[in-house]
Every structure is written in structure tokens, then in C-alpha cells.
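I've put the structures underneath this note.
Paired with chain B in one complex and with chain C in the other, chain A is shared by the two complexes that follow.
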Partner chain A sequence: MKVIGVHMDRCTGCKTCELYCGAERGSEGKTLLAAVQETPFPQPRIRVEGGPEGAFPLQCRHCLQAPCLDACLTGALRREEKSGMVIIQEDRCIGCWTCTAFCPYGVIYPSPERKIAVKCDRCLYMEKPVCVDVCPTRALEVVELEGIEELLREKRQKTTKAMAEMGNEGIRLLDLGR
Partner chain B sequence: MTCIIVGGGIAGFQAAMTCRAVWPDRAVTLIDAEKETGYYRTLLPQFMVGALPEEKLFFKKGENDPLLTVRSGVRVRSLDRKSRSLTLDSGETLCYDRLILAHGGESYLPGILAGPPCRGIFPVRDLTTARKTQAWLADHRRVVVFGGSLVGVKTAAHLRQAGFEVSLVVRRGHILLRALSPESAEVVEAHLRRLGIEICVNAPLEEIRKINGAIDALKAGGRRLPCNTILVAAGTIPDTSFLEGTGLLTDGELVVSQALQTIDPRIFAAGDVAVISSRGEKARPNTWPQAVSQGKLAAENLYRSTPMPHGDLTRINAMELHGLAMVILGPPVSGAEVISHARPEASVRRELFLVDGRAVGGALIGDITAAGTLHALINAERPLTARDAELLRPRTENVIRFPEQTGRRHALILSPKRSSL
Partner chain C sequence: METIHFKTVDPVSQDLLRDASQKGIGLNWERYEKQQPQDGFLRLGLCCPYGCMQGPCRIDPFGRGTQSGICGLDRDGMVAAFLLRLSLQGALETMALHPGLCNAEIAWPAPLASKAAAVPGETGGQPLSLAEILESIRMLARPSAAPETLIRQAIRLGLLGVGLRGQAKPESAVRGIRVGYGLLAGEAIRIGVTGRIPQATAEALLKEAAGLKNPEVHLVSLGDWIPAGENYLPIACTSGEAETVLSSGKLNLLIAGDGTDPGVLPLCGKIKVSVISPANNAGTAEILKRARNAFDRRITDAFTPETALIAEGRVSLGNNNVLSVLKNGASARIALIGGADTLLHSLGHLPTELAKALRAEDHAVASWGDAALWMMKQDLPIGVLDAQEGPPTAVRALTEAGRLPSLMGICFTGLRNSREFTLALGLAALGLKVLIATPLPLWGSEKVRALLRENLAVAGGILAHFDHPVRPDEILDWFLRS
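For the complex of A and B:
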């Protein structure tokens, strides 16, 4: 399974991904100039949040235990078996917004004009997601989940090394958060 | 020995599907009193008014599964825990190894309406009745919707949108009594009135007038409302009749643990029929998403040595009432502190209920921005910060705020040797 990874150190918060997602996936005209003149106003499925202290582009995570799938009242949301993506079938969506209330990331957006919810489908039928394609700093990247295992291993090793450097006494608990 | 699931509503259906997926070598029998299984009850209002074709009501059917048997149109007459068997109304006996009770409830019909049969009165509950209602509505355009529940409000809005003359009659002081605060309900009521729906509150049913065996008028709260159809959406009553004497009921209720297990470890319950005992309180989160997740969890827990508890007992509900979006995050709690953001001119009211500084519920009317994030916040059960409270005052989009970069936090518990330093 493929996921979109974010290089936190590279995102500048420029919102290029938002603009292009809105134009390419949300508009009829498929160009920025056409998109800004359309009604209803095209909606991007990725949003960049945060400020100068650090920005983060966020789109549907296609959770393995997706709360939106359980919440959908009409069966419009379903998991595409081949790719594992959570996708929305627009003809079954009635715009009741239950899924938007269940998404813990706030990345399913109501489109009141079209009476449907819109969300990222990771540009399933395109060669590459638009946001990844247009990011000027290459902050977004499509990663195979196998690659993630490698990333996690690196993280674990880094943590172990850091803890080892702190001396050998006592018991350590990481990230208790309280 | 098979696993038997009683009830073909969404909780039972979901339980059957999950059971087949999680325990692939166990055979499943699904018993449903209705003739049809596997449809979206939530779409019945749209279907009744003709705004949705019937084929869109049904779930996508999977391939034929030899280990899944569906028995529709049959009721369970009795349950015998000793012999682990169910007797159906046909006299047939079925033995179970594990049992999930997900048979939901029956529509509540107030005394007068439950009386001798009268044409033109329909509960909003099941597909068979919805089909009859649809046919009846073809030439009966004056409708009273009785009951200010979510179903009632939704039904009224869809009927009005389809051009019917609609009155919404509510027994108590405002609509959505158990879901919204009076202030929020007022915003929704104002919107419904703008749609052209007549709303009568504080209107308990007094009498009905029939002509030629069909409904002609209704008197409620001292007002006489001429009508030729009454749709009843006054809630449901859990059907526990065949469980009496089995020892499973506590004060007439089917009380289950947070893992949805009854006092009999082989029997689980899910959906509207289950009353979940959690931290000394009884929860009845009778919503569609709850029925789905409870059905799933009950099936997953069937053969687990340690059943897992249900993590989310919130009563989230959402709907779109032809121009007014709303999300109910949890019912009002008496004595709770309320924080709110209101823009009456735009029909917007967003509120959270706090107990001991923690968000326990709330509602977003007219602007549902950050609904998912607020729901997650309620589930987190942590004290609300000023930053969290800002979520109520939305910008134009869903907001995820990031905490300051505090770096990695460590908890270092020192050994006695070190702490003496």
C-alpha cells in the first residue's frame, strides 16, 4: 500500500498543493484561472495548517480502522479493495455530514453546494497525486508502506541511541505526556 | 454449533459480516423478523417521499457465502440458556454456540395512535411500512409528523422539500429534546419554519378524528390540525419480550458490559436493544454509527478470551436539513458549563458542554467546521485548553491546531541511589 509522507523540514506552508488540488480535482476547467471563476468554488482535498512555527499539509489518512466508514449512513464511503483507499461514491452520498463529524483529522469536507462530502482519494486513477507532483520543495512524497518499516526502524534506533547516551541508571518512560 | 445473530438491522448485519471475516471457520445464522435484510434505515425518509430510488437503499451484497445463512421473516419466540437454543415462531429450534442479540426495537406508538387500525397512520421504522407510506403519500399531501426526534425532524424536512404540507408535533418544549439545548433547538426550529414547516411544541396528543376509517384530523396541545397522514417518529422501545425469564434482563433492560457481553458470557448484544453499563452509568447511544461499531465489536469479541471494551460511547449524529447543516456531539448535561459561539443572523450556533473542565458534548448548528476534531477532543477526555476552545470560533475551514514545539518530553523516574543526591 502506498501512502503520502511529509518531510516536515521541507514544508514551507506555501499552499501550492492546495491550489493545484482544488484546480485539478475540484474544478471543471482544470486550470487555476478557470477554477477561480467557477461556482461552486472548487474545493481542495488537502489543506495546509499551522503557521510560521511549522506547517503541515494534511489530507485523508485512509485509516486502517476508519471511523468515517462506520459512520456513513448510506454506504457512500467504502474501501477500495485493491488500493486500500477509503473512497467516496458521489452518487450515493446524500450530504448528511456524519463522516465529517467522525473524521478525527477534520479532512472530510462538506460541499454544501454539491450536497456531497469531498475527501482525498490520493488521485487513485492518476499516475501520481497532484499535491505530490506540484510541491516545489518536494515535501510530499509517495512512500510504499514497506519503506515506512525502514523509517520506523531508523526512529527506534535513534531513540535507543539517545537514551543510551543519558546514562544507565533508573527507569525511563518515553512520552508519558502528562 | 453455529453463531446465531438475532436481528437484521445494521447492528446485526454488521455483526454477521464481521463474524464471517474475523472467525472464518464459524458458521453464522442471521435471523431477521423483517422480510428484507441489509438496507439503510437512515434513508427511509428520502425513500418515502420519492427522492431516492429503492435500489439505493440496499447494501452492496457480497458473494454467496456457504457458511452464512439468512433466515428472514421469522421471529424468535423464546431463548433457553441451559440448552443454548432459540425457538422460532414456526416451532423450529436452533442451537447456538455464541449468540448476538441485535434485534433492535419496535416503534413507540402513543396510546391513541396504537388503538384500532386507522388508515393513514404509519410509523417511520421499516422498509415494508415505508413502501406502504410511499404509496399512501402519492395522493395524501397533508402530513403531520409526530415526534421531535432526529428521524421526525429529518422526515418533516424531506416531506416539505418534496412539496407536502407538513406540521411537526412535539410533546415537549422543543424539538430534539434529548440531543440539543433549548438555544440550539431554537435555531433549528427557526430554520424549519423558514422551510415552511409548522411546528407545534408542548403538544401532547389528545385525540384523533377519523372519517371512513382514515385519519382526518388530530388534536394536540389544544390545537386541531387537519391532516390525512400521520407519520410517527416518537422513538423506539427495545424489544425484550422473548428474553423475559431468561435472567438476562435487569429491570426489564438488556444490560451489557462495555465489551457488549451480557451476564451470560456466550451472549452479546448490540444496537438499540443493548444498554451499556459503563463506569456505573447506563449508556444508550442509539445512533447509526454506534450500531455499526457495536455490531462489529460484538462479533470480534465472540471468541476472544478477553473481550475488548467499546472505546467510543459518544452519541454523535449529523444531518443536513436542506440548507442547515448540523452535528450533534453529545446531549446536554444538567449542571454542565456551556461555552458557545453564536451568529444568529447566519443561523449559526456552536456550543460545547463542559463538566470538570472536560468537554462531554455539544452541538454545531449551521457551521459544522472542525466537527471531527471536536469529537476527537471529547473522546480524549482531557481538560479543555483555551486553544481547544478556539475551535468553536471557526475560520473558514476545518482546523487542526498544533501545540507549541515542546520537544520530546521525558519522564525520568530515578532509582533510590540517584534520588538521595
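For the complex of A and C:
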């Protein structure tokens, strides 16, 4: 299963992902300058949150135990077998937005004009998710969940190396309290 | 590689781009692709142009996020200020180009005088003068002026920009011009020029080089129109192709004048072409010596363009010459199509397709800048106007001859700087039909676009622009039907 990972140190909070997600996935015109002329305004499926300390782009995590799936009253939300993504069948959605209330990340959005909920489907039928494609700092990346152990191992090695370089004696506790 | 034919219509350029790609030489096209997509807030005009340094504040174009800056400025005020800032920069660039004219009184030939008066009169402002510059700066100090005021001020600066240009009197009526890859054919010491260099420097170099044989010394511009004596310096390519030509290895030395793109110098370093800046005050002898040394160390390259790839023309500068090239048999219809290369379009595609189509529709076509070079390269029978002064000169000449109604429209295929934007705005403010083929940062506010449209309509003018890089058939339709 593939998911969108975020390099937190690279996100500048420019919101380019939001703008182009809205234009590509939410608009008829498919270009930004055309999208802003549409009514209702297109809705991005990704939102950047955060402040001066750092920004973080959030979109559906496609949780393995997704609360939205259990919450959906009509079965409009379902897990796509092949990709493992949680996707929405718009023709079955009645716009009750129970899923938006249950989503722990706040990334399923009500669309009152279209009377449905909208969410990220990781641009399932496109070569690459738009947000990943347009990110100017490459802060977003498509990661194979199966390969996550490799990423975690790299992180552990990096931490170990940093600790070893400090070279002090005695016991050291990781700074978990921060 | 398979997209190279989308980048330029010129087969020689396509070969050079392919070569550069194979050699791993990154050119402007590569940088353009890496820039995509470009900042959406700026493209829409929704990034605050004021200088309080608390931001940059941006407004969510889709209406769900923040709808005002920290100071409370809304999207209409932001886009309008963005427009005024562009217009002010353009007016200042025009003044820098004609420093002697800054205090001159602007006089318009009838009926342009009444058109020019319409906008300031309508807005209830003062007569047009250089005080407009100071007024604009005041307005851009803090965001207190209403969008309506900012838009009118931008239009007044447009008029100022056209007026200042119109004051310039060319000293000679016609100047020769040669363009094409044929200028790079054969063995010769070649000195390239980018940006602006003093006319005296160009003339001194030409004079010194004229006597040199075995090999000859050729001075070629890479897209800039540099006057030298009775002619312009021969131009090897359009400005959008400058890096492509440099990558060919055909140049032994580059004189990088004021306005040279920053990407040119690292490219010269990579392909080992020496660079001289006119600011270094190197004498002609020194320049020629360095070019000779570089020529002696040259590596024979595979690029051998045909000698026949040279187009020659005459650039009309005086009123009578301009009028004579704006005739097309018995037809009374005139189209002006010109401007700079832009990588938003396949290089050369817009100007050449449009010129062919409009001539087929019985229009006389005149052009300036890169667009004119493209038309000349394709042997299209067009009138050529000066790159800097072309459109205002043509408008004045047509006005004085009473032929202004024949002018069906002015199309800017691309903008090289804010000066050209301000010129386009000013021409529309004079009641003319003007089109800019590249998107403007106005799409973040419907109100600003409407205000601009309404204010220009006071004098009967139109400034057409699109939310996408416009296609030739759309422009043709605009010329014929709007």
C-alpha cells in the first residue's frame, strides 16, 4: 500500500499543494486561473496547517482501522481492494457528513453545494498525486507502506550516529518530554 | 526529448536543444520545467505587494481560508495594488530609458489628446504629469486607497509610459537588420552580445573588426536590438534562444551588457566561453585579443548552420516609413503583433501563425521585438518596427495620417518587462484594442478585472487577457470579431 509521506523539515507552508489540488481535483477547468472563476469554489483535499514554528500538509491517512468507514451510513465510503485506499462513491453519498465528524484528522470535508463529502483518494487514477507532483520543496513523497521499515531503520541509525558523535560517558535518555 | 518540438518551431533550435540535452547542458527550458507549477498566489495577484514585512499576506483564492491580510486588505485591494505596482515599475523603466524626457510636457496628436484626457478627466484627477509617479508611490506606501483609485492610477501611469515614448524622435528614419542562424555559418571569430551595450562600444568594435581577415571577426547579438551606425548589430537568434545558441559553442567570447539574464553567466562558465562586461571598460583591442585567443583554443564542433539562414529587413523608425509598411494593397486593415519570447508558448509559434492568418484575412501586419525576428526568419512579408518604440511610433504615425481607425488591434505575444506591460495598458487607455497573450496576475479578483475593463472603456479601449496561454486561433478570433 502506498501513502503520502511528509518531510516535515522541508515544508515551508506555501500551500502550493492546496491550490493545485483544488484546481486539478476540484474544478472543471483544471487550471488554477480557470478554477478561481468557478462557482462553487473548488475544494482542495489537502490542507496545510501550522504556524511560524512549522507547517504540515494534511490529507486522508487512509487509516487501516478507519473510523469513517464505520461511520458511513450508506456505504459510500469503502476501501478499494487493490490499492487499500479509502475512497468515496459520490453517487451513494447523501451529504450527512457523519464521516467528517468521525475523522480523527479533520480531513474529510463537507461540500454543501454538491451535497456530498470530499476527501483525498491519493489521486488513485493518476500517475502521481497532484500535491506530491507540485510541491516545490519535495516535502511530499509517495511511500510504500511496506518499505516503511527501511525508513524507520534509517531514522534509528541517524539517531544512533548523532548520539555516538556526542561521545559523552554515562547513561543517556532520549528527550521524550519536549 | 520527445517534447522538443513543443519548445520551438525552429528546426535548427530543436537540433541545438537536443544537443544541449545530450551534453547535459541545462538551459532556460530546463529551469522553466523545474519551476512548474509557479506560485499560485502570485499568479493570481493574491500575494500582498505592500512592504510592511509582516507577511507576505496571502488570500485564499477558493474562499474558505483567510480573506484579508493582517492589516485588513481584501483580495480586490491586493490585486489592484499588484497592478499599480507593475504599472509603476513600467513607468519608471520607461523614464530610465528616456532620462532626457522626464520633464518634457507630453503632447498628444488629435484625436489621442481627447482620449488621453478622458481617463484623468473621468477620474477627476490632475492633468497627467510626472507627479503621477509620486502619487503612485504614496498610494503604495500603505494600503489605504480603494481598488477603484488604484486601477485609475495604474491607467494614468500607462498613459505616462506611452507619452514618454512618444516624445522620442528617432534620428534616422530607417535602419537595417539581419537575423538568423546563418550568421553563425563558416569559420570566423564570433563575439556575442547580450543585454544593452553602449552604441559607441558596438560601433568601435565593428570598425576595428572590419579590417580583420583570416579569420574575419563577427559581432552578433543574441536577441537584443543594438543600434550600430546605419544598422542594428546582426541578430543570431531571438532572446528566448540566446542560451540555446550559446550552448552551440559557436561563440568565442560574450559581451554581457546591462540586462543580461543571470542564467547566461553560469552557462558560459560551464561551456568555457569567456565573458566581458562593458562595465570592465575593456578596450576594443583587448576584447578582440581575448576573442582571438579563445578562437585559437576552440574545439571544432558539429554545429554547421546553412549560410542561407539569414533574413534581411529594414526597420521603420520615422513616421513616413512606418506608414509605408502599414499598407497592404487596397486593404485598410492593420494588425500590430509583437513582443518578447515567452516559454509559455512554443517559441515562434504565436507570431508566425498569427502573421500568416492575418495576412490571409487581408491585414497589413507590422511587428517588433522577438516576434518580428520570428516573422523575418520565416520570410513573412511584414513591416518591422523598432523593438523599444514600435507600437507607440506606429500609433502616432497612424493618428497623424488620420488612419487610426484602420488599426484593428495590437497584440503583445509576450512581455519582457514591466515597461511593456505599462505600454500595453497605456495604449488601451488611448482607446485602442490591445491583447496580452500571457496571463496577468489579475485573476484573483473579478472586481479588479471589471474595474479595469470599465475604466478603459471610457476612451473606447480594450485590454484583453486570458486565464491561460492563449492560442493563435483565439487571438485571430479576437482580431476579426471583437
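Assume the second predicted complex is superposed on the first by the 153 of 178 C-alpha atoms of A that agree within 3 Å, B and C clash if a C-alpha of one lies under 4 Å from a C-alpha of the other, contacts with A are read in each partner's own complex, and residues count from 1 in each chain.
The rule we apply is simple: a contact is a pair of C-beta atoms (placed from the backbone, for glycine too) under 8 Å apart; a residue touches a chain by one contact, two chains touch by 3 or more.
Given the structure is predicted, the values throughout are model-derived calculations rather than measurements.
Chemist: In the superposed arrangement, which partner chain does A:Lys115 touch: chain B (first), chain C (second), both, or neither?
Modeler: The first partner, chain B, only.
Chemist: Specify the partner with more touching residues on chain A, choosing between chain B and chain C.
Modeler: For chain A, the partner with the higher number of touched residues is B.
Chemist: In the superposed arrangement, does A:Cys14 touch chain B (first), chain C (second), both or neither?
Modeler: In the superposition, A:Cys14 touches chain C alone.
Chemist: For A:Gly22, using the defined touch cut-off, is the partner it touches chain B, chain C, both, or neither? Pick first, second, both or neither.
Modeler: second
Chemist: Of the partners chain B and chain C, which touch A:Pro42 in the superposed model: first, second, both, neither?
Modeler: second
Chemist: I'd like to know which partner A:Leu64 touches here: chain B for first, chain C for second, both or neither.
Modeler: After superposing on A, A:Leu64 lies clear of both chain B and chain C.
Chemist: Can you list the residues of chain A that touch chain B in one structure and chain C in the other?
Modeler: Common interface on chain A, chain B vs chain C: nothing in common.
Chemist: Going by the contact rule at the top, pick out the chain B residues touching chain A in the complex.
Modeler: Residue list for chain B touching chain A: 40, 42-43, 46, 52, 56, 59-60, 288-289, 292-293, 296, 312, 316-320, 323, 325, 327, 329, 368, 370-373, 375-376, 397-402, 404-405, 408-415, 417-418.
Chemist: Give the list of chain A residues in touch with chain B in this complex.
Modeler: That would be residues 47, 49-50, 53-54, 56, 58, 67, 70-71, 73-75, 78, 92, 94-98, 100-110, 112, 115, 169-177 of chain A.
Chemist: Spell out the residues on chain A that touch chain C in their complex, using ranges where they run on.
Modeler: Against chain C, chain A makes touches at 14-16, 19-20, 22-23, 26, 29, 31-37, 41-44, 134.
Chemist: So in the complex, the part of chain C that touches chain A is made up of which residues?
Modeler: It is residues 36-37, 39-41, 43-44, 58, 61-64, 439, 443-444, 446, 467-468 of chain C that touch chain A.
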